[in-house]
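One chain, chain A, appears in both complexes that follow, with chain B as partner in the first and chain C in the second.
Up next, the complex of A and B:
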């Protein structure tokens, strides 16, 4: 059975990637199971999706804990433990990262036993990564090596058809480029064992002890927990106010920001709380003087770290 | 038609579409919403001739569903979790009206603490309502059981509403290959709803939900519901036989998998049961006589079918994806009652697992067989076990460490106090 996991952020098309690959497998005569898994269904939040494909009915369910291939569409997820990108990577698992950096950098950084490949992402594309889903699916299909381009093309068309012809064409163009780029690695991903576990494995069960309600009730003992959760980490684009153009209207952006992430300071200037701005770009759209610009979050972070250098 | 990849939610919507549901009262809730969106899309595109109405709550939604079914139209609706609980007053009420329709419940564990992932405490809260319950393990079953449910629900010998249950995430958002039957073949299996004695119009008013005082009439009405529910066992067999003849997929109230010569059997419901099948296959490959018994039908309770499947096994691992506080697993309790006093009944080992979507690993299935085998050997049922590992407790301790620090910062006594 093939077991593949796609990691990305809500809005980057990981569910679409899993569906394109799933449909392509299905079109090639495989039994298939694919599913997205997300907590809070919000743009920018880490999500993953998975695909299982086998020559017989699939009874396994849920999260893939021993993947043959992990595809990461957004390299900012790698260091976030809760995103679980590295979970279960074994010596035969292939890791494919969409990134602006060289494979050697990732090999050095992650020190994994299995192969690491990169899907190059140009800096200007980093913003929304709108087409990364199709590229990831195509790269995955080529690495797996049992799906033909014709089946992948048909699957891409089928899954993206509701979005219109232009989107399909652009995705196919990108998909084809990824497909061609990974030709040298065709078949690198090896099908895992039919069963994920051996019959002699045993779980480390314990008796759950009784604990008083003071301990065992699901309470949080601090106020303002929503300020503690840095939802700004989900942002893929950053709004930047050009204070020369801002008229200090004092209310439009700050009132309409759905996350109350814009405060007005004592001078009447709007200040964006980047720890909680989720990058929805509503402020950009509503500012009457067009004073708010957008820059890709990756670029903004890079610029910040450059500035921070001594 | 064709075999295609669809989610459990889409399979439920296909069931409603192929059943030619006339009326769909709706209220959204994760993870059910896609069912309503799919039906809404088809209605808008003119592919489904039905009326969808969004209501202000699940309580109103169930009222509308029951009322519409009582006028003699075919009704489909869907909910989940807190939504089902919010509708609970009407769940009991519309069943008492003897209004036949199908409610898809997408299982999601109940608050508090709140979660999005599945277990069966939501659907089991409706266990004693008069709604019959069918539990799907695959996306194909979601579709097929929805079609079967209409025949069963509308049968003169039954006429009770039915819940078709599918697990959130593991089925609702998971695509699997599903054979979508030809509409004409479904029409032949499931003709237009013949309301029989049901249905009213302005010129022919009917009052449902009468008030009764003194327990006599009340007992009569309630026990009639119970008898109708018991009738559903035989009616299900007839309906499923017809379905099997037409579509080649055969459904019994209880699925037995590699069980005929099994010494040890798993008993569980819902989508995680396919994981048990995998475990059974592996154990069989390793030379162990293990099988799986899965009730597809929980109400009426298929007690005879369960006895038939389980008598002769030596040990049984009952896995409850639910927890009745202060008692334990519901399926274990009900199975114990079904096997009580039966000669050669197996020893039952009770496990509670998969709460709030917690995975059940292959190694846990293997270990449960060990426990059941030891119970069979000694003749002593073991202490019920929660499937919970040391590393899970360690994670919990980390969270509690944070809570303790918070309490300390707030000047409250710490954990050790």
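Up next, the complex of A and C:
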């Protein structure tokens, strides 16, 4: 059975990628499961989708915990523990990262046992990654090596048809490029063994005694605990205020930021709360003096770590 | 009418009550409206939330609110509000809650609930004169479950359930009109991208008693198909094109709080959203575009 997990951010098309791959597998005669993980999170938040494909009926259920292939559409997710990108990667698991960096950098950084490949993403595409879904699906199909281009093409058309002809054409073009680029690695992904119940480790159960409703009912005694959730991790682009150009009209940016992520300091200047700013860029669009710049999050992080160096 | 606190943009609240870190999408128009409303209502507010996107605001143990929040089924938020209101009244009557610690009861609901299955319980609550604010963030579809059509979906919009070339065959229901027909204490339409107009209306509603509607158009990047950063522009175009009239009902009269002349052609609003792209590509659908424009013009002719 093949087990493939796609990681990305809500809105980057990983759900679509898994659908394309699932449909292509199905068109090639496989039994298929394909499901996105629905959580409370939304566009910009880390999400994943997964595909199981086998020649026989699939009895395994739930999230894939031992993947044969993991595809990551957004390399900023790799260091985020809650995104779970690295979960269950074994000796033979292949990791494919869409990134602007070289494979060697990733091998050095992650020190995995299995192979690491990269899908090159140009810097100017980083922020949006609009078409990365079809490229990821095509690269995955080629790495698996049991799906023909014709089946993949048909699946891409079928899944993207509602988005209109232009989108289909552009995705096919990019998908084909990825398909061709990964020809040297055709068949690198090896089918994993059927899971047997004996393989599963017994969970470490914790006994929870039954409590009266007064104790067991959800009750929060502090205001606005949501600030413990770092939605700043969703951001792929960062708003940066140029205080020389800022006119201190905070009623504009601070009011219109949907996420209460722009505070006003005692001097009347706006302060962006980077722990929570989701990078929607509404403040950039509404600022009358164009005082807010947009920079890719990766670049900003890099600059920060450079600065932190002694 | 007393003078408003909010005379200029400058007067808008500069500290925000709604906590950051919620699960709403980047660029959510609904969240923008909710945070602006909360800033004016203040901490002494209890929210009764019908199932929809906003029920993901509070996921135990995380909440952006500074007080209590109750999650109800889609159709029954006004019934939940009745229970909360009654409990508060009893506590105050028995002296267990000082009168000045009484809370404002606010239903927070999506359009799917408000325009559809929640209408019956809403109607009952208005008939009983329930003292509550009914805040509907209208993203014109069942957004939480993938933007299926709702009775608030505009004509011709593409949704998950109306994905054919013609889009949604129905017409957006007039919820404001339905409320006005019920003679509530107050009713207003607002949008987060016009925060001054919004703040003035919430300020007025806050000091009234009885059933009060706040109907907020909520541009939704995920459901409508646009980049999150364009949300403010789309909201402004909704007002400037006349698609979303800003108005209020008070003392038996409907008054428009913003009358734009000239109005921006509605096309400029539509063309920025994926859900209307089929009206422009692969061929322009002139007939549909003029019909949409004509309906807007007809509305404003009765106002002008």
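Some points to look at:
Going forward, the second predicted complex is superposed on the first by the 247 of 310 C-alpha atoms of A that agree within 3 Å, B and C clash if a C-alpha of one lies under 4 Å from a C-alpha of the other, contacts with A are read in each partner's own complex, and residues count from 1 in each chain.
Basically, a residue touches a chain if its C-beta (ideal position, glycine included) is under 8 Å from a C-beta of that chain, and two chains touch if they have at least 3 such contacts.
This one's a predicted model, so the numbers in the text were calculated from it and none came from an experiment.
Once the two complexes are laid over each other on the shared chain, residue contacts for A:255 go to chain C alone; chain B is not touched. Of the two partner chains, both chain B and chain C are touched by A:220.
Applying the stated contact rule after C-alpha superposition, one finds that A:273 touches chain C and leaves chain B untouched. With both structures placed on the common chain, the touch criterion links A:195 to chain B but leaves chain C unconnected. For chain A, the partner with contacts to more residues, out of chain B and chain C, is C.
When the shared chain is aligned, chain C comes close enough to touch A:45, but chain B does not.
Of the two partner chains, neither chain B nor chain C is touched by A:81.
After overlaying the two complexes on the shared chain, residue contacts for A:285 are found with chain C alone; chain B is out of touch.
Look at A:61: by the touch rule set out above, it reaches chain B but stays clear of chain C.
Within chain A, the residues touching chain B in one complex and chain C in the other are 41, 218, 220.
For chain A in complex with chain B, the touching residues are 19, 22-23, 26, 31-37, 39, 41, 58-63, 195-197, 199-206, 208, 215, 218-222. Residues 10-11, 40-45, 162, 164-166, 218, 220, 223-231, 234-235, 249-252, 254-261, 263-264, 273, 275-276, 278-282, 284-286 of chain A are the ones that touch chain C when the two sit in their complex. Chain C meets chain A in the complex at residues 9-29, 31-32, 35-36, 43, 56-67, 163, 192-193, 195, 221-222, 227-233, 277-278, 281-282. The part of chain B that touches chain A in the complex is made up of residues 5, 7, 30, 112-113, 116, 169-170, 173-177, 271-272, 274-275, 277-278, 281-283, 285-286, 288, 359, 361-364, 366-367, 370, 385-391, 393, 400, 403, 406-407, 409-410, 412, 415.
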